[in-house]
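The same chain A turns up in both complexes below, where it pairs with chain B and then with chain C.
Right after this comes the complex of A and B.
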């Protein structure tokens, strides 16, 4: 064994020399900030010009938005129509049911984050800003201060669930396995639980769902129903049995061929003769059928991304066809297709706004239309629609954030 | 250890019943499935009561007209509903074409900006994407419409430049060339002269292009065959057109009461629809472009830097052409979405095909027929978009060295 080479020169006394990137990090903050700015903002003459133009644009935008929000806009259309926008014709006496539902959902979000992820500083900032916005919305003008108390209780439940769930060790202990199962069961049962809370024992009936509440109920029904439709469709399309794969393909292409508005048209005018039921139920069916066709395509993508060795190995160890699908193929295919599936979920959340374009149902956007139809708010269309856009945005953005977290926790994209 | 022979101590094996065989079971299963599907279809057809199904009602006049038509003057009395439906399809296609163009340009710019080394620019691009992607398109469209209606002065206080260009909340009206109907008919021999001249120009352009491609191949220097050929053709078409007397008249818009007449009118409904569709789709295209660029190996950028290309050259010559291979299929999907999302025109009462179909349904009660018509129309347009994009895709992915 040869002698290890000795360092050519002695280290400077009293100071350990670190690798270059750590050396750079050691310099005073002002130096680092200057270097960062030179690299990322002012690299060249053109780059500096670009930065200045973007900066001017940003300042202009910010000033415009601030001016509009605080001085230009008249938000009374929103503050006088809070109940109309959020719950519409939902019976006022049953408001507590809505809040219990919110509390359950928040609790589940907290548990899920605690089990499979962590709140980081940005999450907390977002939760704080969104909560402050919503509490301001509910409390200002002196209307029903106790609804903000309900909201705070729901927030407390979320963090309570989080604190409990985050303590469960992340290993392979039985506690952990059980906790994972309970968490998944909670998420799977969230929708029926909330619907039960809203409707059981003399609560709301399906035609009471209105305004934001209608969006919040239609979207999960579309998502869950879509998944239920999509999984057999995807398997059917990938099947080696010709007739089954052809009919599944035909179904998927037919549904994807027409816009959602067209299918809502079917729910309104045509489906009544075929399946009957109330309009809300028909709309739910149509949403599930529509989402299912898109989700089936994403799941098929996941199926195709799997190596055929998985199937062969499963058969080789003697699993039946059903076992192969259930234990080997579907879990992996679904994991690969999580990102597009969540994209579709966000898309269906946004698409619930289409319900009030042709159907005699009023969700958030439809109730905003009713609000600006009142004579005193006829000039406040922009305010009403900005508000609607912000509410939709908060939910969609939260969904996309959660999905990014799920992807990271599930190791999507890694094999 | 392998068992090759059945031990004689066991009783003789019973013959396998046929329904244990996989192929037989598959056939049985498919048969059952087919019967179930057929039953469902029969039930649906029965429930729909198809005895009166038919499209004869499309031949009757609709009894109403839509504003701002193109191609033909539809009056709702002498023309049939079917003609009106064609007019509405053309209105939809106009929205789609403009939205596709804008969405692509904005989307590519924002997608590239998101990967810019300029921190501020990248953040602003991200802001754009997050805002427009997470808001319902419907709400965006009605919001644009509200802004256009409220922020722009009403037609009483119209913004007027030289009695030719107008801006008010009835829209923008600008002068527009209109072909001279006296000149444009098949009996006029000058039309055929022009067609012949165009054909000659096309042949010349093709010949020039071929020559330049050959020279490019021989010398290794760029000779821009497509640019030359296209410019040659365009100049020739324009010169011959003017030489033959330029048989178009410029229609100047005029205001009559609360409406524009003549000229090219861009209504606020159209503008809101196009703005909404473009911004919304651009946010998705930006993400597609970003993913496509990020999927390239970093060595491509580094090599481009090493041979001294500028940032712009690096992007247009090295990065984007390669990223296009991954980008185009996803962008095609977005174009198909634009096709379907254009049905949201109903929200601002723009007379697109879905809106007109809804009005027909309202007047005649023929819901099923109208739905069949809608779905067939959207599918045909989708097929058209897919076909065009497939051609483009084949070109950009095979035209490589």
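Right after this comes the complex of A and C.
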């Protein structure tokens, strides 16, 4: 944005001199608003025309969306089928496990935000709108009071965790160091903890994972497993030992060379003979292997972005190879790679919808296909797909916002 | 190069070689075991596997209205699903059904061939090329339908004779598409096909981007009756192809195919004989005639129980009937009024009292069970 005209000449003598932005803020709101509008909306005849046209289009679009959401669409296909879409064949008696899992995840998000960031107004607005949307869906058509209450409990836990974590001072105290460690451990263990809650002591078996639950179990395994595979691959590819660098390169090129759909076929028909086990586990392996190949290249990019002086300096102060890698190189390389890594994470989140295209497993989108095969909802498929798209978007957008916070906290792009 | 580096390199190469060798051994080992397993599997491997597992792996479609879809509570339901339950009950009372999703048309036969399912029941049409190429054997047809047409009620179209130059919505890459082309070639008519997936062409038809919507007649009927204003559309009585929908089993397992086959026949026979899920217990305790006694696997007036030797006990059809009822009950419960039975080809065993276009009489009847 260009600089606004400086109103500073008219300043009366003897007043405290404020920085320009504070000075502008002192002017009456109406003045500021007029200046802003003239500057940004009506700078010239062409600009005014553009503003009017875009404004008209926006209003039209907004009216269309509002009309569709509140009057045009029949959301009963979604509200009647919320269980099918959410958990499908997950044992109904064990529903509480799902909600405890949701609560744990929400709590961890709250703790992470409290420890390393702050909820700002935009975050809260997003949480409020998303929650209102979900509660509206759960309450629509009745008989879902319990789900809404569970959801509110999870939300309360998120803010509870946030309020506690945010009070920990941001200094180098021992308390802070310990809190950071616990926070990292909690996040690393989130998925195993949730899986334990879902499965242990007569809970679900892996074939019960269905609908949205299947998406949110597969995607983190792909992302975390991918990172675990990727880091050694990236280091290995840069190795001076040819056999190692060739092996890593071969792996990366082989896996990246075929589409994910193809690798899912491998999970279905080839891994069955090679490693056996449940199809869910085989799919997890394939997702991690596939994501790992991409992430390795992003991390290699991060490694190459580092000046070799870093390596030399670390060696010069007497760090071993391992220490250099662990303390100097990887932290910086990973920080540089955050944006593409998150891009890959969001991509694999959306790719989980591929499993019901060819695998005998049904995730959210597959269950939407089943819902619109119910005779009373044959005519309501657009509503079902819009809902699926919105759910995918909410999760992807949350991931993107959290990653922006991590980037800011790590100072990506500033150094 | 320092000596140390050289040594390390050699060691790593050696290690890689050893791992490679181990992998090779493991692989060939696997292959041998596989061969042994296959060789020992001659008398119905599938039936033995189902009994041992305690579970029937039934490959079903989960996106087909009426035939295989999912209820709001997540359960899998539909006409095809009832036959899964019947087959499981026939194998044994303690056999559960696990539904394996075979919604994807492209992988369904591979799922069957790779033994990830025991039986495929998902509106699959019997065709010669599938039987020959795809390692599948078909059992008795459960549903006879054919390719039909839906039109807008005000279009004045009453058969393909009125369709010269029409735009026709047809699912891409199906036998439906080929049948349509053949039919119009025979008529000497021209038409404009509008392709897509079945939800896409449904939407195109609703928006009047095409005059005619063609698919399996049972599919059309169930869709049209649930459109917003069903009276604005009409499903024509004309059928231009045969689409017998049947359960598929793996090639070369004739004993398993026999079980599946005779469960279907048994359910149809039960309807012809008036045996229902409600009265099957009473019928078995006191069979009215020898035919019923033989079907239910019980003795008639102090005679012997007829064991036809299917690898399962003689009461298997009785258990299937007790679990899901006879063919008519299944039809009424799942397809019901959405596609009146007398308007399909499945109606021979019942009265043809519903007002339907001429020429749709039934062809569904049971083979003699003796």
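The criterion applied here is as follows: the second predicted complex is superposed on the first by the 390 of 415 C-alpha atoms of A that agree within 3 Å, B and C clash if a C-alpha of one lies under 4 Å from a C-alpha of the other, contacts with A are read in each partner's own complex, and residues count from 1 in each chain.
Keep this in mind: a residue touches a chain if its C-beta (ideal position, glycine included) is under 8 Å from a C-beta of that chain, and two chains touch if they have at least 3 such contacts.
This structure is a prediction, so every number in the text was calculated from the model and none was measured.
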{"item": "Combined model on chain A: chain C and chain B, fit or clash", "value": "clash"}
{"item": "Which superposed partner A:54 touches (first chain B, second chain C, both, neither)", "value": "first"}
{"item": "Which superposed partner A:333 touches (first chain B, second chain C, both, neither)", "value": "neither"}
{"item": "Touching partner for A:357 - first (chain B), second (chain C), both, neither", "value": "both"}
{"item": "Which of chain B and chain C A:195 touches, first, second, both or neither", "value": "neither"}
{"item": "Touching partner for A:392 - first (chain B), second (chain C), both, neither", "value": "first"}
{"item": "Chain B versus chain C as contact partner of A:381, first or second or both or neither", "value": "both"}
{"item": "Which superposed partner A:241 touches (first chain B, second chain C, both, neither)", "value": "both"}
{"item": "First, second, both or neither for A:41, with chain B first and chain C second", "value": "first"}
{"item": "Chain B versus chain C as contact partner of A:273, first or second or both or neither", "value": "both"}
{"item": "Superposition clash, chain B against chain C - the stretch among 99-107, 117-125 or 153-161 that is involved", "value": "153-161"}
{"item": "Doubly contacted residues of chain A, that is, touched by chain B and again by chain C", "value": "241, 243-244, 247, 265, 269, 273-274, 357-358, 379, 381"}
{"item": "Residues on chain A engaged by chain C in the complex (per definition of touch)", "value": "80-81, 83-84, 87-90, 92, 207, 210-211, 241, 243-244, 247, 265, 268-269, 272-274, 356-362, 366-367, 369-376, 378-379, 381"}
{"item": "Residues of chain A touching chain B in the complex", "value": "39-41, 43, 47, 50-51, 54-55, 57-58, 241-244, 247, 254, 257-262, 265-266, 269-270, 273-274, 346, 350-351, 353-354, 357-358, 365, 379, 381-382, 385-386, 388-389, 392-393, 396-397, 400"}
{"item": "Residues of chain C defined as touching chain A within the complex", "value": "9, 12-13, 16, 30, 34, 59, 62-66, 68-76, 98, 100-104, 106-107, 110-111, 114, 116, 199, 202-203, 206, 222-223, 225-228, 338"}
{"item": "For the chain B and chain A complex, residues of the former touching the latter", "value": "26, 29-30, 33-34, 37, 43-44, 47-49, 116-121, 124, 130-131, 133-140, 142-143, 146-147, 149-150, 340-341, 343-344, 346-347, 354, 358, 361, 367-368, 370-371, 374-375, 378-379, 382"}
